[in-house]
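We just call them A, B, C and D in the order they show up, numbering each chain from 1.
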Amino acid sequence: MKVILTGNDLTVDKVWDIAVKGAEVEISPEADATLEASRKLVYELVDADVPVYGFNTGVGWNKDHKIAKEFFEEFNRKLIYCHTFGVGAEASEAEVRAVMAVRLNCLLLGYTGVQPAVARRYAELLNAGVHPVVPEKGSVGEADLTQLAHIGLAMIGEGEVNYKGRRMSSAEAHKLAGLEPVVLGPKDGLAVVSSSSFSAGEAALVFKELAELADMGDIISSLSLEGLNGNTSPLEAEVMAARGLAGQAKCAENMRGYLEGSDIYEAYPGKPVQDPLCFRGAAYVNGSLRDALEYAEKYLFIQMNSTDDNPCLLLKEKRIISNSNFETTTLATAMEMLAIVLSHVSRMSCYRMLRLANPELTHLSRFLSHDGGESHCFGTIQKCFASLDTEIRHLSNPCSVDYLSLSGSIEDHANNTPLVVQHLRQIVQDLQYIYGIELIHACQAIELRKRQGGFTLGRGTAAAYDAFRRALPLYTNDRPLAPDVKKAYEFVKSAALVESVKR
Amino acid sequence: MKVILTGNDLTVDKVWDIAVKGAEVEISPEADATLEASRKLVYELVDADVPVYGFNTGVGWNKDHKIAKEFFEEFNRKLIYCHTFGVGAEASEAEVRAVMAVRLNCLLLGYTGVQPAVARRYAELLNAGVHPVVPEKGSVGEADLTQLAHIGLAMIGEGEVNYKGRRMSSAEAHKLAGLEPVVLGPKDGLAVVSSSSFSAGEAALVFKELAELADMGDIISSLSLEGLNGNTSPLEAEVMAARGLAGQAKCAENMRGYLEGSDIYEAYPGKPVQDPLCFRGAAYVNGSLRDALEYAEKYLFIQMNSTDDNPCLLLKEKRIISNSNFETTTLATAMEMLAIVLSHVSRMSCYRMLRLANPELTHLSRFLSHDGGESHCFGTIQKCFASLDTEIRHLSNPCSVDYLSLSGSIEDHANNTPLVVQHLRQIVQDLQYIYGIELIHACQAIELRKRQGGFTLGRGTAAAYDAFRRALPLYTNDRPLAPDVKKAYEFVKSAALVESVKR
Amino acid sequence: MKVILTGNDLTVDKVWDIAVKGAEVEISPEADATLEASRKLVYELVDADVPVYGFNTGVGWNKDHKIAKEFFEEFNRKLIYCHTFGVGAEASEAEVRAVMAVRLNCLLLGYTGVQPAVARRYAELLNAGVHPVVPEKGSVGEADLTQLAHIGLAMIGEGEVNYKGRRMSSAEAHKLAGLEPVVLGPKDGLAVVSSSSFSAGEAALVFKELAELADMGDIISSLSLEGLNGNTSPLEAEVMAARGLAGQAKCAENMRGYLEGSDIYEAYPGKPVQDPLCFRGAAYVNGSLRDALEYAEKYLFIQMNSTDDNPCLLLKEKRIISNSNFETTTLATAMEMLAIVLSHVSRMSCYRMLRLANPELTHLSRFLSHDGGESHCFGTIQKCFASLDTEIRHLSNPCSVDYLSLSGSIEDHANNTPLVVQHLRQIVQDLQYIYGIELIHACQAIELRKRQGGFTLGRGTAAAYDAFRRALPLYTNDRPLAPDVKKAYEFVKSAALVESVKR
Amino acid sequence: MKVILTGNDLTVDKVWDIAVKGAEVEISPEADATLEASRKLVYELVDADVPVYGFNTGVGWNKDHKIAKEFFEEFNRKLIYCHTFGVGAEASEAEVRAVMAVRLNCLLLGYTGVQPAVARRYAELLNAGVHPVVPEKGSVGEADLTQLAHIGLAMIGEGEVNYKGRRMSSAEAHKLAGLEPVVLGPKDGLAVVSSSSFSAGEAALVFKELAELADMGDIISSLSLEGLNGNTSPLEAEVMAARGLAGQAKCAENMRGYLEGSDIYEAYPGKPVQDPLCFRGAAYVNGSLRDALEYAEKYLFIQMNSTDDNPCLLLKEKRIISNSNFETTTLATAMEMLAIVLSHVSRMSCYRMLRLANPELTHLSRFLSHDGGESHCFGTIQKCFASLDTEIRHLSNPCSVDYLSLSGSIEDHANNTPLVVQHLRQIVQDLQYIYGIELIHACQAIELRKRQGGFTLGRGTAAAYDAFRRALPLYTNDRPLAPDVKKAYEFVKSAALVESVKR
């Protein structure tokens, strides 16, 4: 598997392929030519001796310092050094790959004037499987300087990397992989560190899983609706058309498709006119997730396919211009909105489980016990998903604006994009657990309902039910629940459910 | 001034005209015909005797109750009664007008089957200037039942209204205005209360001011940039094109327009390569406001021009369908994102003021004092805008998901849209104060700079400067600041600044 | 009624007497002597000519400015001027009285060296009923400079005041009251503004109501427990002793007292072993309120009876020392904890109402309707208390640390104490509404239970029930609920319930 | 090392000894006698056949189920099973030891009637070093049922444990350690799981580190004050006495002690009257930490030395009473307050670093560079501590009240104490990093100051300075900063600084 990078068409799916599936990357010929051309311009500008930020001047408060040509290598190396102060847990190897792919793609647009050899090195390291060790904390999100500096450190043969399953010094890995460390020239330091690719790379993987969760939400709430034997009227196309909201219309359409042929359409005496909102509004609130995701994805795509470098080198005009293109406030706040929407999605799922456990609504046994209520069954596990929901609620509190004014009051804005991404990533994981537990509930309810006298599932939900049952059997006696929860989580994380309903 | 309501083209500007400027409303003939047709369908369905939520059944947990025809009036009146439990401050008359206009517009789509006389009554009350008293608290945002019930109460001649500057009983106002209170029939109660028009109406007025604030942000930061004598390079079109973000590109374009011809383009020895981010990134962060506003406005427009009624009466299919179209989670969370973005916008403004007060950066006197630093001038007022910024930060904490499961666990989702709107409204007011104080700073800095030896403003900023100076003279001696702050706030609130730059 | 102020024994109750009940104040002779002695010291120090902050130097960043003797009046007047930039709603007259009483009391300790005539003027204005207009926003809580400056402005005969029910200029009120405005001397400006008395004064009134709410919580949950016919076992003294938590033990003791003699102690077949936690844990969570209140009150008392002035004049040592005694972080964060605890208290009350509305638990009619469930009764009002609970949850988000670094990076800490107090005040009001609505529920449930065949209340709850029924009759038919809610709120606010149970 | 457990004198220090230092535990003879007596009572009550929650009835919603004697073992085993649904990261072995020690200590009070062999097993496992695997998530804090169930699972020989550095099945570890798994009898299941010992045990370790951080705060801010060559006047005893706040008085006393003999007391021309608040108020805000910690520790001590079991067995009265003693709301909210206070403490530290990097204030080189500003030095690292401060701010958002109503609406309160503890734990770690970086700054500043012409440190700070310099040398050239940051963090975590100043 190979992904061609052009600078302007990197998608979340391609990043996933490179990062998770291990696809190789290749720089397109056009992009390579752009790299060469813009590097040439850099040298022309060096000769012209105009003061340009981070190029022949210092950075931050030190922007009043001048850098002479003979110190370019040292200056750029030290620029890397002084930014390698990452702390905390390390990004996964997949995440580091995603980050490198994004950084490389943006460099290909030719706005940095980076040495082509440096740009190509991202591709070489990716293809060789040399993955720098990158601690996750230390960036306030106006460019992810420190995380990218840790990658830069590895590129010059210092620091540590993961290589073929082993952690080792970058120098050793270079040797094993048959590579010489790069030597930095003018502007290379900034080109390596001055970007939000760390946030974007991690975000890309999170967005992939979010898109799957949006899809799975429709499947899971369809299963739960069958578990409840609830109403489908809120899913009707005409109702959606009258409202005009694209997200919820899509969800309802999906659910109608999954539920086609289900016994749920059967009327029976005493069937309630309206189900609890967690069922009735499932498509509606999952639709809000689609709405928000569409907005956020738009800005993530731009982030992965445009330059966020400062200064910005304009090839045609032969100029290099100071700017704030590293601002990622739209993306950061879009993700904070996503977090809030997910707190709704999570809570809807939790309430569906609480309702499925309630015989008054389901006419099934309490806590869906297989033995008519004798066993504890799913009474206690409510605390598990409730505690995860609480964590999601907490993670949905915004943090992007909680910054300090730094660098002698020059850097007096920030957006904390990496922390925002990491919060979102944790929310995704928590929701994967919650959805796993909802699947346990929904399928247990369906099974009890089948036992009561047969119950035909929809075409999609039948397939989904079978897929889940292959992963996890009916809960027929009190046993430690943790292994089941783990399996259900892994089933959700695998997105097998999404595959199951495809015909 | 008159606005024709059709059900599908009500804009924020039209709502502003009706609510604030007192425009009359008129129902379009097509819409009126739809009203009649759908009412007819209601009576057909009454005869068919199918159980339909809130129509010939009770509502909420009482949905299992059946309502006989002879009790329709009483049932619907009591439905209004039992929802009138609003508490807290009252919505302004302008807001009540906005709410009524939105509710009327959505009714015109014919999905409620409301009595045409009830629908028309909104128009009659608006045109007569009879404004029901509406307390602002009491809704969890799955339809703003209580606030709309207070309007319904006035429509049947009970409760209180504001009429021609006086508060009086609704009965008295009806008499004075020559109207008979309406008599409710089947489904009218739900048609009156089951909508999010209260949130949408209040939001429309807030969005109008937000759009103005977005525009003023470009003008004010242009003035501040001149006060600083800062750099314009981050505004260049090529830099914006390289990034591809529509919001910031628009802001930069505006600012370039305002600053055309300004002395700010002059180079001078020692001019810093880069300004503090609050200046350098002004267009970028204000651009995020534009991005978020575009998203939110899209959903507000849908909210004002589609049905959010449950149940939904389908005219063509002659059916009435239970649903969750009252879900406003996308809109609510979009506004929560807006609040977060505004916390960034506010902080940028505050930092610009802190920088303008600093001689090291401006080479003007400390705290911009007219007398070279002898007076206190704008040293202490920093606490004023800082405390407002703190309030904005607090208001930007989300609340949409903090709901309880109500009505016998049937209403187990909510989004607290009214509270979200009210938070946003307070943020807008606080930001209007902050921008007022920034104008005081920027224009003081410019005046000091002019005194230093002349300084030519840009074409737009010159006009803006003059407009502000007409409202508020230079601060030339320590005097109580509160009156100046108030004037500056009112100047911003009037949006006169937006007018000033139009040529 | 008169309160003698000594500087060291001002309690919340005394502040309430002065502020709300209109008690006069008198400075104790010892305190008056201290005032004279410390003023004498100020003049000695003026002669010695040592630079002392805000005295013969500027303030804030201007602390490097020197102030000559002949400019003392002007400097101090302008110091007042430049701090009068308050915005937003105005403090109530009662609150302004509380603030002035607290400021005066702290001045009496002799650490400011204020002119005795200035200190006495607080007493004179209080006793004459001249109440300066004080806008509530504009302080970041490292001293409430602006609010106190608005009082200072009135003291020198400028700005506005409320006097005998009328708003007028301070100059006019002085004339009417037969007072000459004060003339400021050295250090008087700072002595007037440099204090957190605004926060402390407003907090004192809030704490008074909080203490009443803590007491009412025990009464109301006792009534609700009777409404449920629930268990008293969690209130037993031995259970409390085994746990050792003072707050919950006190609540349980109160509840046992109120419930003495109640039919609730009767066992009956099918009586549940355990009630929902909102009943079972009522004393426990209200006990957490008592625990937190005890902590916060301790620091409020210190705040009202110690100096928070900077600089601090040491009478015995004849020195004046720069410090940070205006720090109120302990008090601010204690109040933020209180807000969080109150979010629990509020939610417990809400859940009790949801349970009381549920026939399954109560064996009473749904939504406690008087007619066996035909009317809507208290189904819809759940949205009212739920929305107030949501607001409380939002207000419980902390804000004390969200400050900016001001005054040339000299004032780089703040705690936003006034905003914290105002959030707490709003929470108190919301909880008064919620408790009012709980009283409606509890007494309705009790009445239905009485009808079922007689039900004897406890000795305390019987008195409480009667007191509430005098304020508000049984809800026997659907009618607009807002008036009932208002009456119930006012009943709670009056604290009549606390009186009712005293024997 | 051995700790005798009595049930009423377990301190944070003793827990630390058991958990971190590996001390053995021993049950006091009196406590053992109490265990036997209360178990005897249980059997008497079993014979009396009264329904008692979780004993001969089901738990939660299943409390209406009756449990016959012959099913006691199965019921209790399944009770353990159904609660083992923990997810997420695992508690460290030290934490598991802390949890077990606390659980055991509380059992010793005799309120549970647990089988003595089960109680003793905690001691045996602790002393043998058998540490059950305990996932950290899954509890809503009304008793930490799932975490404690994972321990219970290991006690009956199921699930996994860590033993002598290896993870293995509990069964295997039992064999290796020469133990037979316990067999559960009536009430044993609840006795094992129904407690908040997990939260309390984790909290105890966090509180130990917090107390050290409070002490280190005084040392580190003393060093920074010397780095600044700032004022000591705000630390004077008389100033503290005038204010009356115990926490800040203690901090100031400590700081005066550390700074005794320092050159910082030297006056010099141009020495500012007042330092920035982050220095001037250091003792004051750290004092707020002491105030809050005192409050929180009081309730943690009660938690570790009282019963939190439901039902509660009263030995003397021979009764077993249903209650809510598992409520930990006071402790949870006290910790949430601590988190808020720590957000202030963190920010103060960050601002001190920003000020130390500023030549204007320090008259040292920019960013404290060793070479007069040529190197980057500590310019970029500001983003590191700023991002950690942002995380702390986010973690200080409360979550205790964000719960769902569970178990058929019976468990409608929670406090999320485990999540609160885990947030606090992360804050502590982040602050350890921040303090480490402040030490780097302070000692660099001091060294530069020494170079400028000698600078004598105080008696305490000299020792502290030496201790730190042994761990980390002066930063004399740009090099990757991450290793230094790690060392400084570990130095802080070791609390060596606290030792260094003891004489």
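As a convention for this text, contacts are C-beta pairs under 8 Å (C-beta built on N, C-alpha and C of every residue); 3 or more make two chains touch, one makes a residue touch a chain.
The structure displayed is predicted, hence computed values, not measured ones.
Counting C-beta pairs in contact, the pair that comes out ahead of the other among A-B and B-D is A-B.
Note on chain placement: the centre of subunit A and the centre of subunit B lie 32 Å apart, centres being C-alpha means. The distance from the centre of subunit B to the centre of subunit D, each centre being the mean of the chain's C-alpha atoms, comes to 45 Å.
Looking at subunit A, one finds that residues 347, 351, 354, 358, 393, 397, 402, 405, 409 touch two or more other chains. Taken pairwise by the contact criterion, the protein chains are fully connected, each one touching every other.
Subunit B meets subunit C in the complex at residues 58-62, 65, 78-79, 81-87, 135, 137-140, 145-146, 150, 153, 158-159, 347, 350-351, 354, 357-358, 366-367, 373-377, 379-384, 386-391, 393-394, 397, 399, 402-408, 414, 416, 418-419, 423, 433, 478-482, 485-486, 489.
By the touch rule above, subunit D contacts subunit B in their complex via residues 360, 397, 402, 404-405, 409.
Those residues of subunit C that touch subunit D in the complex are listed here as 51-53, 57, 63-64, 109, 111, 142, 231, 233-234, 236, 238-239, 242-245, 247-248, 272-274, 276-278, 280-281, 284-285, 287-288, 291-292, 295, 299, 302, 305-308, 312, 314, 317, 321-325, 327, 329-330, 333-334, 336-337, 340-341, 343-344, 347-348, 351, 354-355, 358, 361, 393, 396-398, 400-402, 405, 409-413, 415.
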